[in-house]
Structures are given as structure tokens and as C-alpha cells.
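For clarity, chains are labelled A, B, C and D in written order, and residue numbers in each chain start from 1.
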Amino acid sequence: MSVPQLSVSAFLRASLKRQLLLAYRRPADTLNPLLFFLLVVTLFPLGIGPEPAQLAEFAPGILWIVALLASLMAAEGMFRQDYEDGSLEQLLLSPQPLYLASLTYTAAHWLVTGLPLTLLSPLFATMLQLPVAALPVLILSMLLGTAVLSLVGSIGAALTVSLKRGGMLISLIIVPLYIPVLIFAAGAVRFAAEGFDPAPQLLLLAGMLSLAVALAPFAISAGLRISVDAG
Amino acid sequence: MYFDSLQAALAMDGHGVYVWAVVAASVVICVGLLVLPARSARRFIAELRVDDAPEPRAAPSVRIEEVNNASGS
Amino acid sequence: MWTWFHKLGSPPWMYRISGRILAILLPLTVLMLAVGAVWGLLYAPMDFKQGNSFRIIYFHVPASVVALAGYYVMAIAGAVSLIWRMKMAEVAMKCAAPVGAALTFLSLLSGAIWGKPTWGTYWVWDARITSMLILFFLYLGVMALYQAYENKEAAGKACAVLSLVGMVNIPIIYKSVDWWYSLHQPATIKFTEESAMHSSMLQPLLLMILAFYCLFTCALLLNMRSELLRRGAGTGWVRSLVGAH
Amino acid sequence: MSSAQPAAASALVTVRELGLERGGRLLLDNLDLDIAGHELVLIEGPNGSGKTTLLRSLAGLSRLGLTGSITRHCDELLYLGHRAGIKQLLTPRENLAWACRSQGWDAGAIDSALERVGLSGRADVFCQHLSAGQQRRVNLARLYLSFDAGRENALWLLDEPFTAIDRDGVAALAATMAEQVARGGAVVLTSHQDLPLDIPLRRLVLGGGA
């Protein structure tokens, strides 16, 4: 009668690998946010006008607003698949800590949506004539900011996964919580573009990230338990 | 009173329309906050008195039986 | 000592107690509102910079202050209902949301109307008003989430979690909006700078703020009474109550 | 219902004054129940009488509308519900490997578990290509993994385990359940068919609330 040697770290690695494997086998979920980003970025010059000076001025704000919307769109379906096929139930029944297990979902979501957005953001930035000097800060702000967006988005996803029309609702309850990230991230990129020092904003973003990493899993776990129970 | 006449109080030298608009909105919202819940409670009690007999809730029953041989066959 | 805590949880006891509180607090609130309004509108001296339009402050500031406090009341009630599984706390949270949202709306409306004479436009992206707008979205989010769940017990738990997340975020939102606002218009004065107010202007404002707190309490208790009746429709105490009326 | 006596010594699940209400209907009221090791409990009753809700409450998945208390003291909890709980885009082996990581079972036993549910040939096919019945058997393979792990104080909660299984599958499952009970585990299940088991059984018949 072996006593269960539950190695949490092995379980977390396995969970993350599983999520990434699933994402790999369903590439559409990875490409959609990127295509959405590209699509919406191309709308702005058509709407505002192609003059570089004007575009450059709005570029930080546009890039970050579109990143926010792309992350929100991707967050909505984060738990839906697992909820419908019953594997979310099995996760809740597992002796493994849900606090950490839910983080693997968020980490996988970030790796699949946040990171690609970050890596491609210089491409979108040049399309919007963002000064090259601001590119490194853009990447850094995207790295930190999209992680916070994923964590907060997971809370919204966990709370609305059992609802039939959860899509519209998740934006209403989550976008207000995205606002501080938008303000400081877009601010950092604008400061860099205008030659000021973006360090304070980036540090605040990092602060938000550490707060979100510490607190979000409590809300995500509670949300998942409520949703599975209510389903 | 700060204003010397009713007209002056209404006009508030030009700003009156805005101030009294806010006052009107505040009155509407404050009265609404106090009256609406009370009215819905009264209407609910009235409805309740109409269908007085509560439909009997089926009492759940649980029987635990010790059976030494499960398979009926 | 704990009996009152458990009693707090029983609907009939709460219904009776809230009835007695309202009997005193309601008339007092109406009186304070009336006195404060008249005092602020007609007797307080005019602000030499902004003219009489500053009198809107007697409605805008109390609504804003209590709307923000209302969110904290809702979130704490949610926390109590989650941690100690108290039905009454969940009822309080559910009933606090619409009252808070209404006051936030009043704050936004009065802020917008104030903008016209002062800034020449109805919508000003002032730090305070922008934060109020976000607070309004937070309230709407909680109310929408509550409606979305069929099972009302699950709805209560989900909203408790959301309002707690909101409560943690409110200071962050306010600070980030302040920083954002100071970035763009550093020079102009803040709308609701009470610091330079003469005591004869300040006293009616404090009375109005107190009045609005009492208004929030009365509206919350009235809402809870109606909710308790609705939830206890089949039970005995409501039957006896109906018989008594 | 007996009054709330203290928890039995080796009780895996202690239920005190349990009340269950779902969809406005009172399914259960003031139920006291102790499920200890070496016990087989069958939950019966017409559809909608709360069998699944009771099982999910015992598993800890369902807390809404629950009054009274349910406390578990088991080292391992296995819950097989209506939904298979497996990922369509993963193979049975990948699904079960994750389950092993989660519960701390030995991954080496996956092949024998799949073989016992008659899926040894389909171990590396995407589950989306399996039939619904086969997918349920992948879920059932979890039960055999738990059996092989052989932990003491294991609590099995099985919702209609015999549906969509062929005759010898049923016999194998029944035998495994009997052995698990004999070894000290507790098995609680719901079922419409009568059980091909000849060991002592406690029958929990849910009546009203229909």
C-alpha cells in the first residue's frame, strides 16, 4: 500500500506540458489573437490617416489597446473546453493544490497569446511608425503587461465559464481591471517614444504583475469551484 | 439668505439652470432609492396575500436498507 | 456574545430590527437632506472663482464619497458571506450593488453638468470623474454577473469573489488615473479641491455627506427587507407577517 | 434518521444532518450516514431524485443548496461522473498519464489498465476518434489505475459505472469492486441495473422530491 508521493512540481510541469500540447494541436487558438491584432492595427491608419507623424503619436496607445482586446478575446475560452469535457472537475478533485494548478492554465494562456503578441509587437509598431527607440521598451512593457492581462483575464474566465453567454459579460467585468495596466504600459511606451525615462512605469507594471501572480490564483480557484458547482 | 430674491435664487446669475438640474436629478435618485424598494416589498406582500396556500413541498424520503446479498438473481 | 452574530443571520430578526432602525433613520435622513440642500444652495456664500455653479458640489461630492464607500460595503459583505457562509451578508451585498450604482450615476451626472459652466463641455476627463466612471463599470459588472447565474446562491458567491477582486483593484485604479491625469494637465486645479473652502461652505457639505451615508443605509435596509420577503415567501414568518398587515 | 452520533472510527465519509436542495426542490433532508472501509453503498431512486447530486456532494464538487456537513477522511478520492473527463485532442495514454501525475499513481500501470477496459490497441489514438462508449472506458481505466495503486482508505464514487459496457466488462468491473471493498476501500455508486455482486451492500433509496 504505497503512500501517495504527490510531487507537485512534476504535476505542474505535466499540466503545463498538457496545456501547451493541446494548444499546439489546436493552432487556431494561437493564431486568432495574432490575426486579430494585425487586422485591428491595419484599421487605424485607414481611420486616422496614414501620415507617419500622426500615427506615431497614437502608436503606443493603439498598440496597447489592441493587445488588451486580443488578450481579452483569448481569455474568454480559457477554461471552457475543460469545463465541458469534465476534465476541470477532475482537476478540482485532484489532491494537487488548485492555486498552483490554475496558474498553469494562466501560464499556458500567456505563452500561447501574450508571448507571441510580445514577439510580434515590433512588427505592428513599425506599421504604426512607432520610433525605433521605443521598441525595446514596447517589448518589455508587453512582456510584463500581457502577463498581468492573462492573470486578470483568467479570473474573468473562471467566473463566467459556466454561463452560456459568458463572452460579453467577461469584457464588462474584466476591462475595468485592465485599465491600470493600459495606463502604465502605454505611458511607458509613450515616454520612451518621446525620449523620457520609462523606468517608473515599467517598475509599476512589474509591481502589478507580482501582485497579480500572488492574488489572482485565489480568485481563479474560487471562481472555478463556483462554476463547476453551478454547472 | 445669500440671494436677495427668489428670482436671484433661481437664476444664480446664470448658473442656476445647471445647479437646479443637478438638484432635480438628485431628488429623483434619492426618492427613487427610498421609494422603489418599499413599493416592491408592498406589492410583493399584496401578491402573497392573493395566493395564500403555499404549494406543499414534496417531503424527501431516504431509506437505508442493509442487504447481505446484492445480486437479486 | 455570539448570539447576536447568529441572530444577525435570521431573516425575521433582521426584518424587525431593520424596521426599527428605519423608523428613526429614515425621517432623520430626509430632514438632513432637506436642511443640507437648502443650506448649501441658498445660504452658503458663493465661490468667487467658480460662481454659483460650485453649489453642485453639495450633491456631487457626497454622491461620489458614498458611492465609493458603498463598493467597500458590498465587497466586505461579500467577504463575510464567503468566509462565514452568512446568508444575510450575501443579501446585503446583493442589495448594496444597485444603491451604490445609483449614487455613482448621480456623481457622474452631476460631474458632467458641472463641467458645462466650468469647462464649457459636458464631459471632462478629470481624474475624479474618470475614476467614478470606472467604479460605475465595476458596479455594473457585479450586477450583470449576478443576473447571469440562474442559481442565485452561486451568483452570490461569484459576485462576492468579483467584488473582492474589485476592492483590491480600486486603489490601484484611482492612483493610476490620478497619475494619468496629472501627466496631461498638470497645471489646472482639481475639481473637488475642498482645501481652500471657507467653513461656511464646508459645513453644509459635511452635513450633506452624512445625509448621503444615512441615505445609503436606509436604501440598503429597504432593499434588504424586500429581498428577505422575496426569499422567504414560503416560510412561516412571512406568512404571519402577511396575515398581520 | 439516527441522531448525530460521533463519527465511526474508520469512517471514510461522515455525513451529518445533510440537506440537499437543487432547482427549488428539497432532495434530501437531515440525512446521517457513515461510510467506512469495506463498504459498498448503492444509491437508488427514480430520475431526478438527487442521486447524482448526492454523489457530487460526497465528492465535494457540489456545495450549493447543501446544509449540514460532509467530511472526508480518505487518502484517495476517485469520482467517475457522467462526463468522461478526458481531452479529445489527447490520446488515452496522454490523458491517463496526466491523471497518474495528478493522483500520484504509477504511470507504468497505464497499459494494463487500458487492456482491462479493452482499449489496449487504441492507446495512442486521439480520443476524438474513439466512440462515446470507448471514451467512457478510458475514464473507467482510471478506476483500474486506482485499484493498482492499492491505497488504503480509498473512496470510489461511481455514477452509473456499468452503462455502455459489454457483459464481460461488467463482470470484470464488478469483480474489481468486490476486491476493492474486500481490501478496505469504500465504493459508492449509483446504478439502474441490479448489481452482479454477491457481497453485503447498503442500499440508499432516495424517494420523494421527484
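Basically, contacts are C-beta pairs under 8 Å (C-beta built on N, C-alpha and C of every residue); 3 or more make two chains touch, one makes a residue touch a chain.
Predicted model only: the values in this text are computed from it and were never measured.
Colleague: Considering only mean CA positions as chain centres, point out the chain farthest from chain B.
Modeller: D
Colleague: Taking every chain's C-alpha mean, which one sits closest to the mean of all protein C-alpha atoms?
Modeller: Closest to the centre of all protein C-alpha atoms: chain A.
Colleague: How many angstrom lie between the CA centroids of chain A and chain B, rounded to a whole number?
Modeller: 38
Colleague: Could you state the distance in Å from the CA-based centre of chain A to that of chain C?
Modeller: So the centre of chain A lies 32 Å away from the centre of chain C.
Colleague: Quick one: report the Å distance separating chain B from chain D, using the average Cα coordinate of each chain.
Modeller: Once rounded, the distance between the two centres reads 45 Å.
Colleague: Using mean CA coordinates as chain centres, what's the gap between chain C and chain D in Å?
Modeller: Here the centre of chain D sits 48 Å away from the centre of chain C.
Colleague: Would you give the residues of chain B that are in contact with at least 2 other chains, written as numbers and ranges?
Modeller: If we look for residues of chain B contacting two or more partner chains, we find 57.
Colleague: By residue number and range, which residues of chain C touch two or more other chains?
Modeller: Touching at least two other chains: 151, 154.
Colleague: Would you pick out the residues of chain A that each touch at least 2 other chains?
Modeller: Within chain A, residues 229-230 contact more than one other chain.
Colleague: Kindly provide every pair of chains that touch.
Modeller: A-C, A-D, B-C, B-D, C-D
Colleague: Could you list, by residue number, the parts of chain A that touch chain C in their complex?
Modeller: 155, 159-160, 162-163, 165-166, 169, 172-173, 175-177, 179-180, 183-184, 187, 208, 211, 215, 219, 222-223, 226-227, 229-230
Colleague: Name, in rising order, each residue of chain C that touches chain D in their complex.
Modeller: Its residues touching chain D are 151, 153-154.
Colleague: Which of the residues in chain D come into contact with chain B in the complex?
Modeller: Against chain B, chain D makes touches at 1, 25-29, 31, 33, 40, 42, 50, 194-210.
Colleague: Quick one: which bits of chain A touch chain D in the complex? Just the residue numbers, please.
Modeller: Spelled out, the residues of chain A in touch with chain D are 1-7, 10-11, 14-15, 18, 21-22, 25-26, 81-82, 84-87, 89-96, 225, 228-230.
Colleague: Which of the residues in chain C come into contact with chain A in the complex?
Modeller: Per the stated touch rule, the residues are 82, 134, 137-138, 140-142, 144-145, 148-151, 154, 157-158, 161-162, 164-166, 168-169, 172-173, 175-177, 179-180, 183.
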